[in-house]
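Chain IDs A, B, C and D follow the sequence of writing; residue 1 opens each chain.
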Amino acid sequence: MFVGRHAIEVGWGDCDPARIVFFPRYFEWFEICTTALFRAAGLPLHAMFAERNMVGIPLLDVGARFHFGSGYGHILEVESRIVEWKAKTFRVEHRFFRDGGLAVEGHEVRVWAVPDPTGEKPMRAAPIPPDVVARFMDQRVESA
Amino acid sequence: MFVGRHAIEVGWGDCDPARIVFFPRYFEWFEICTTALFRAAGLPLHAMFAERNMVGIPLLDVGARFHFGSGYGHILEVESRIVEWKAKTFRVEHRFFRDGGLAVEGHEVRVWAVPDPTGEKPMRAAPIPPDVVARFMDQRVESA
Amino acid sequence: MFVGRHAIEVGWGDCDPARIVFFPRYFEWFEICTTALFRAAGLPLHAMFAERNMVGIPLLDVGARFHFGSGYGHILEVESRIVEWKAKTFRVEHRFFRDGGLAVEGHEVRVWAVPDPTGEKPMRAAPIPPDVVARFMDQRVESA
Amino acid sequence: MFVGRHAIEVGWGDCDPARIVFFPRYFEWFEICTTALFRAAGLPLHAMFAERNMVGIPLLDVGARFHFGSGYGHILEVESRIVEWKAKTFRVEHRFFRDGGLAVEGHEVRVWAVPDPTGEKPMRAAPIPPDVVARFMDQRVESA
């Protein structure tokens, strides 16, 4: 399975008065890691959205479990995988490691969204193109 | 059960190029709604942390499901409840309504954290004081 | 001159490990206070953008001076005024008070932006409609 | 003069419904670029704060001018310099380039902050150590 790897350095403004990461920041990093994962697979999202006339890949479901906290200056090594593809949605899993330990793990379920042709809604779900799925199925590829 | 109610107006900077709320913002609002819930119960967190020598109430687990998106200028009405108390942790549930529909629902599992007396860790879990739990058990009280 | 007033409670996630507000948050509050100022003048931005086919009111220039820090649970009382109107831009000034003292002061220069009819750019500056300026000139009106 | 260089990729969540960067994000990037500048000079802030018993380097004054907007997927190349050292404060200037053009320029005036020995305030200004200033004066060094 295709594994994206991304390193994050915890910034001063990411941390709260308890001197650990304020938890919503992890979800901003989920977004960044999913973006990095698609780029590593040869599908940069900003180009893909434009080329395929997509609205985006908004979330249906997201969650995280926090095993230990991290603070200013810490380096988090994140592994991201798409573990499931359905017709119109896919599930990403992220694992954040620090100093070899699993600090945080989480998932996202995202939907392939295109403009609603009726104009009644801002977007609607659409089938994920097979060539996109295929990009992540090549076992030999791994993000640097 | 004690129900906290809090209204949130979606701001310009909360929304992304798809013109809907960027999902990590909901978790910032979870934090704000949990803060509002404790205040409504007569336990403002900032004062409680100081008076009881607490580090905070960091998260162990968090999740959300998104039923429909909201955009700039929308008003979200949030209901928050603590649905479970354990010895050292508690579970909060939030429900975000817009125009009468359930837009987002989520949960937080938080831990009662005090300074680690050994100084080896930044904090440790501690038993939740019974008077805190009792504040939320009074059926007659409801947040304005 | 029309004065908008808005109260902000400093949240846990707004503060950094030094236990004071992480400074970019003040600029998020500038946005919120400018939004509140227009609403108080009877011109809610989200409706105005839609009705007048505007892209928004992006910034040309912004600055802040910090006189003393504030922390978790503090209440900031903000006064906002539009101090200058030019043909296509306007200048907003914000003053943040805490416990009667001037904690932060800042300004924004914003431009009236509409879609570029040529489609070459995402937006272009346009003349500010006189009825908008007039709304802020009524000396008798003051935001609650 | 020592020049720090840092590249930033604009993320989805950095952009607003006008499809350009929501301006407070630039100030989060100022923080990140100042952090990168100190690291490039051999003084990583998180280590320096711990070793020298500092509270941090909070801001006294900050400002930015926006020449053109940037959007999702754009790469911003930032140059950062400390252009002035005073006894207890210093001034950083940042210039953001995109596609060779100057998109944003800004400044920060920051203060060297240590714990207040009287305990009355959260921090007080202190003289900047000469060895810190000297690190930035070496003309031969330049960040990669």
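Note that in this section contacts are C-beta pairs under 8 Å (C-beta built on N, C-alpha and C of every residue); 3 or more make two chains touch, one makes a residue touch a chain.
Since the structure is predicted, the reported quantities are computational estimates derived from the model, not experimental observations.
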{"item": "Each chain counted as touching chain A and chain B at once", "value": "C, D"}
{"item": "Winner on C-beta contact pairs when C-D is weighed against B-D", "value": "C-D"}
{"item": "Most distant chain from chain A, judged by the mean position of its C-alpha atoms", "value": "C"}
{"item": "Euclidean distance of C-alpha centroids - chain B vs chain C, Å", "value": "28"}
{"item": "Chain C and chain D: spacing of chain centres that average the CA atoms, whole Å", "value": "24"}
{"item": "Distance from chain D to chain B - Cα centre to Cα centre, in angstrom", "value": "33"}
{"item": "Residues of chain A whose C-beta touches two or more other chains", "value": "12-13, 16-17, 19, 22, 24, 28, 31, 56, 71-72"}
{"item": "Residue numbers on chain A that touch chain B, as the complex places them", "value": "16-20, 22-25, 27-28, 30-31, 55-56, 58-66, 69, 71, 113, 122-123"}
{"item": "For the chain A and chain C complex, residues of the former touching the latter", "value": "12-13, 15-17, 19, 22, 24, 71-72"}
{"item": "For the chain B and chain C complex, residues of the former touching the latter", "value": "11-13, 28, 31-32, 35, 44-47, 49, 56, 72-73"}
